[in-house]
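Both of the next two complexes hold subunit A, though its partner changes from subunit B to subunit C.
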Partner chain A sequence: MSDITKGMLAQAILNDSIKNMMMEQTKAGMAKFKSPEFKAACMKAVADPAAREALIKQLMADPLTAPVAFKLFSPEAQAAMKAQSKKKSKGNAKDQWVDFKYWLKCWKTCMHQPESKEDKAKMKQAQMDFPWMIDLMKTVSMGKRYTEGRTGIALQMSWKAIIHQAAATIEQLNNVFLDPENTVLAQIMVPTQIYKAMDLHHFCAETPANILIMMDQHCHEKYIDEVVNHGLPDDTCNYASQTPGVVLAGHLPNPGTALICSNLPCEAGFSSYAIVERELGIPTYRLDVPYNFKTEEDRAAYVKDMFGMIAFLEETTGHKMDWDKLRKVCEDTNKLGEIELERWEMNRSENPPVCNDMLWFPHLCFFSMDAGRADAVPLFEDLQKLGRRAYMKKECSVKPMKYRAILWNPPTFGYTYFWSWMERCWGIGVVQDMETYGPVNVIDTTSPESMLEGLALQWCNAAMSRHTRGPAENWMGDVAKLTEMYRPDFILNLNHMGCRSSLGLTGAMKEWANENDMPVCIVDYSMYDSRVVSRQGIRDQINNFMMNIMHAEPLDPSLLVFDDDNAW
Partner chain B sequence: MEKIKELAFFEKLLNTPQNSLVDKAVKEGRIPIAYNCYTAPEALLSVGKAFPVRLRAPQTTSTELATFYMSPFTCSYSRSILEAALDDQYEFIQGMVFAACCVQIQRTAHNYKLQKLKGDEKFVHYLIDVPRKEFDAYVPALVADLKKLAGLMETTYGLDMSEENIRKAIHEQNEFNKLLKEISDFRKLDKPKITGSEWHMVYTACKTAPKDMLVEPLKKLKTALEKREGFEAKARLMVMGSICDNPAYIELIESQGCLVVADRFCYGSLPGMEMIPEEGDVFTNLALFYLESNECPRMMEKMEFRAERAENYLEEYKADGIIFETLKFCDVWGYEKLKTLKILEDKGIPCVRIEREYALSGEGQMKTRVQAFIESIQNKQLTEKLAK
Partner chain C sequence: MSTTYVCGCDVGSTYGKAVIMDLNGKIVGSSIVRSKIDPEETSKLAIAEATKGIDGLSMNDFAYLVGTGYGRNRVPFANENISEISCHAMGVHITNPAIKTIVDIGGQDLKGITIDENGSVKHFAMNDKCAAGTGRFFEGMARAFEVDLQEFSDMSLKAKEILPITSQCSVFAETEVISMVAQKKNPNDIAAGIQASVAKRCFTMLKSAGIEREVTMTGGCAKNKGLKNALEKILKFEITELSTDPQLMGALGACEFARKKALVAKAG
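The block that comes next holds the complex of A and B.
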């Protein structure tokens, strides 16, 4: 409603004469629309473009119809409608159907309600107490943004992973609100397989901020501000600072059982959990991933640390470790590892079938955030089947794929459709990324010790342990290795301004790139705060690189610059 | 208050990393090994001809090269150290031992290795993985790490790193610390005989030159201080926080009429003068000593312990308040504002937080902040007196 109309309405309430005048005008308008002349003009406009133009002009000239006519027929409105229909179009009817089907499924997953009335009431109350839960509804929109412009097998793969992750997040919420006695609060990057073997649920403390930012770039900013208002320097890594912000705002559900965290990914990460511990007042166990995890002594010590964590959980929660169950969980983890290796291998081909978030997102969710889920196996088997089909058909997930890239450092969480934008604007396919890549080891399930050793090795090799903390050889060595394996056209190095560790090797990366004649696109950004570097700011840096270094032509110039500062 | 001429000796040692004593020792064929942190065991680096030199960058005012390698968003200490190394200010050192205290200093170590060491086999470049929590299982790992370092020193420099020699080095360090402690205790007096900046100058100099060459000057200083009259000040303060190896900062604080009586910061002496056990296995003693005495916020589980220790220091040194200084981009100390400092503030201890850079800058602003802080302490004291 325009301001003029609002003003008139407000006045009409006070003034009967204005009210009567408006009523008269509305009646006149309605009579005009119902008149046989107008109907005839409309019929003529359908068949004759000249008549259509004349009718639009007439409608725009009439003060009564002008606001609506302008919104429908102005060149800007037409362009926006075209763009919208292009955005929604999935190429062919089959893709359109697939998209619609998964869209419905995603809604169904998000609207999932507990069965009992009591539980429903508890969840409703939780939504009142923890307002960020409402943001979860934006998952469907996130799915749409991820899959924008995607077709074929890639479209299915994207939706499947998103829906699965949405279900996993809802399960976590159910755990913490409906079964808090059997739920532990946990940081990501901690061996989640152990909770599962102990028949414990877990709620990821990062969910309210770090995960939800993927749904809406601004929904978590209040938490960053909260912690800064308490005195934390604002240049601190906002990956780490958000969770204490959530706690200080009183928005983190507290199961009251135990908190499990670690020294990852850096000092800011583990320091932040001291605040969580103090504010929530729950018993806490911290794993200390060694710096030199490649030495046997250090890894043996880490295994003992994991035994310590199990003993702590047994003592605080009363749950006992079931080694047979851990064996099953480890076997599932091994299966996932095997599938993952195949997916990586397929991406080495000329037509990589699992690029961008299709590679990164499932790995993040089911290797780093919630590893050991039994239902991740069928998901990965599905993804594997789809991947194989695409590989056999030589169907690349990026259509058309113009550039192969390796993404170094974590992607931008505040810009969910960054991947799909790169695909549509420049035809960039990220064939491997730092958060995904790492040595995959097979866990030996013969004894409790061997299982924990396997898990220790797996978690020591996780991205934030291996690359952003360990020796520089891990970092530089992996860049060189991936370059050799995947033959990228360039490396996309996203420099999160709060990550001291990756920033500390910026120069080394540049020198390595010069020596190896490998273009590197260095993008400065803040991983969780688009107020520091906006989405367009990120796009500008990539656009400049693509135009000036790669001498590329954009596939869709309308995507070079557009305003999405306030979009989800 | 008169200046003591004995202090000039220490002051000169701080002008450059390669000071006159280091120069002399190198000419005598001794082996300078640079280190970065309290947790890098000085005693181990003092065996035989080796001697430790703690990394400082007194001549570095800008960090263009290091900023290229480490970006402008890392702490200025890490960058200054790298800059000094790239600027060949550390050409005299024959080894570099880092403790993996934080990621930024780790990256300094990595960059140093990548840029300066091209397969130099006569150079020990080692990063000790000091655990982030006191957990029994990590002690053997740290012991193994220290043994590996000792082995490297033995093979690279031909030093005899036997238990006996290490024990001797530990004993010498303990004796040296005893002497230092005696001087440090002058700060506890009602009228301290040494100012905070003077003490910081002495202590920093002791970390950057061979200790055996400092014993006599320290004894002379002690004698001179004994004869000195004490200082009176508007307030007695404790400085706590990130690394500070520049006595000019403390001098600047004291220029506002207070005395810094306790230095609870990296490169400060609290902790730093404790006795390492000499009986038993030397490596285990060293590992346990550095894990237990460590008060750095890098230790994940010692928040309460740090607050308790800070309170003890306040009491022991009769300090009225805390200046909490953090280097920009220092994450470990940045978070301490919300952790340890919050505990102290909740107990009613006057605190002020100052953010600074490694090289001396922003003097005017800092003076104003300190002045206001001192006034607030005085007001508080006055109010309390009136209430009584």
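The block that comes next holds the complex of A and C.
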């Protein structure tokens, strides 16, 4: 036996002994909890505070029970629990009822099952093959995180968008598992309107990591590690590197029809999709969007490429483009754009009614992730109605709103408590953000060319594409313009470390801020990985800025520093 | 409770500092003590040291007490906690109002701060993630030469040339220095290289916060003459020295905030 083999054997025996020891300890612990003496001590502790104290002390002293006892009874854990119960309360009885009602609705949406027995069985099998699908159930806790401490109209608006998005994601999952022949695999940031007009479904390849992270904030880490172990540099933007990680782990459902991807939002995604393409081995179309889309020739090149994509889809899937259908989808998109403009306009008022994720989240879902959905129109009309009502009542969505901010760069996908933390701790309301803002163009529906040109313009201006990809004047010019329009108290610049293009512009942002006397809070972080900068690390940077530059007093000092394990 | 004295206590990662003032702003006591593991203990020790010699004054006797520094939240008897960035700015401002930019090198962090005409922070940039360019880094380097900090800080002043240190990380830099020592390179020249590399870090931080003259250094490392010299070479102008111990600036600023609060309370 070689030394290496001997070493491995010794390690295996050691691992086994550790495992056995832990199991023995667990057994011993369980036996202790079941013993009559322990039960009697518990009964006594219920009635007698002194006996309770003694029991807690005893549990903390015993190495078998200490870890659990500390989690439950240590002063820190007790304080966290108290804080938690305090912060979970959402306004008056009506708000509590609204919250409960939507919470139930959210559960109902997540538990949705297909009609037929056969389909049910297929979906069950899919859940076994792709366990991340279970994470969708956690949409409810995502809703809780987004709505933490929210009241009134804002509470309703948040829940509505979340539930709608959950339903849209479930629909995509049903498509890829129940109707794979008519479903294409698609990268985010490709004009989704085209699939709809061709009667094709699409499954967004970013779902298992980039989207489900909002439900389970650690679900994606293994995919980042997977792709790095595979050889992709670990400083690649993790927005772009996660999906190849999913593919390499064998966790991406493959309908086997076609893959559509593009160089939007940036080249990082383009290069990582080379891995996806290679691993999946399905026919692929790569849209190559010109860098500067301001000239007519550039837009014409994009339109030509879109015609190419349509021809490719027709050939590979057998579906035909229905231009009348595209007209209807574009009209819906125009309607959504109109509503969005009104929402933005309302946020310019003294009491902005749609701040933070209420502004960002629906835009992200129904403009950038799945644009052209017919059911997004009634959702946006609903949100518009609520927004108008709040606007008329002068009801700001952040209560109390102390600071107006413009958020620049991609926001914290991987830290969904972020928005509500900003509201609760400092009263910060983000009135406009980079992923949401971009010129909204009306799509001219008179001809196929004009529709594709309208779509080209829309997608070139979509989340990240317009700003982080360049040219630099888009990034800086828009900050300056929005500052004039929204009169923020400061700019919150979330410096996602993987985003080379925007990192390179931080200096320009500082210079501009200095010249214009505009405070700018620069937060270094990783959009998807709290192992790079912890959540407390993110909060500390904002805390420092708020205290030292804005001279602000926290609304709730207990939220300045807290243990994320006991996340409130 | 004494209505005559106020206190500022800066609980840093390596040293605890306290400053006591009367309501006219005259410093009547100060202290610098090595930090204990427990920030509360550090603060008690620092305040007890600073009160020595002030008759009849005890820990709980201040009109107002402001805690600052990384352990500020653990000073249970403080009336208020204020961030060390604001305190350093205020401390420097009351010591020399002409100063507009500070480079603060503490035990475990490095900050660049610009201040306005009232002593408020205009911008700041900080590195609290990595030990390079902090007091801890210098301690490691002094250890590599087997000299104390004071001696180390003077070594570079006698250098004939600057031997560049390429590693930014303190762990690798220490290894690099040890190998240079083993190669029998001149220790003073190596020390000059170390000072130059930290000075570059300070400069980056200052640039990030925005440099405006006059510039000063605060924190324990402000007493490092070699570093001051190296930074002046990069800035191409002289760094202004403070009349009060630069290591006390955080505590002094905290004390000034305490004094203002006490005066308001007295007036009200």
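The working rule: the second predicted complex is superposed on the first by the 482 of 568 C-alpha atoms of A that agree within 3 Å, B and C clash if a C-alpha of one lies under 4 Å from a C-alpha of the other, contacts with A are read in each partner's own complex, and residues count from 1 in each chain.
Heads up, the rule we're going with is that a residue touches a chain if its C-beta (ideal position, glycine included) is under 8 Å from a C-beta of that chain, and two chains touch if they have at least 3 such contacts.
Because the structure is predicted, anything quoted here is derived from the model rather than measured.
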First, second, both or neither for A:Val561, with subunit B first and subunit C second: second
Partner chain in contact with A:Arg487 - subunit B first, subunit C second, else both or neither: neither
Contacts of A:Asp288 with subunit B and subunit C, given as first, second, both or neither: first
Contacts of A:Ile549 with subunit B and subunit C, given as first, second, both or neither: second
Winner by number of subunit A residues touched, once subunit B and subunit C are compared: B
Common interface residues of subunit A - those touching subunit B in one complex and subunit C in the other: 510
Complex contact set, residues of subunit B against subunit A: 68-71, 73-75, 78, 100, 102-104, 106-108, 110-111, 113-114, 127, 129, 131-133, 135-138, 140-141, 144-145, 297-298, 300-301, 303, 326, 328-329, 331-332, 334-339, 341-342, 353, 355
Subunit A-facing residues of subunit C, complex: 73, 82-83, 85-86, 89, 120-124, 126, 129, 208, 210
Touching residues (chain side subunit A, partner subunit C) in the complex: 510, 514, 537, 543-544, 547-549, 551, 560-561
Subunit A to subunit B touching residues, read off their complex: 227, 230-233, 235-237, 244, 263, 266-268, 270-272, 274-275, 278, 286, 288, 290-292, 295, 297-298, 300-301, 304-305, 308, 468-469, 471-472, 476, 495, 497-498, 500-501, 503-508, 510
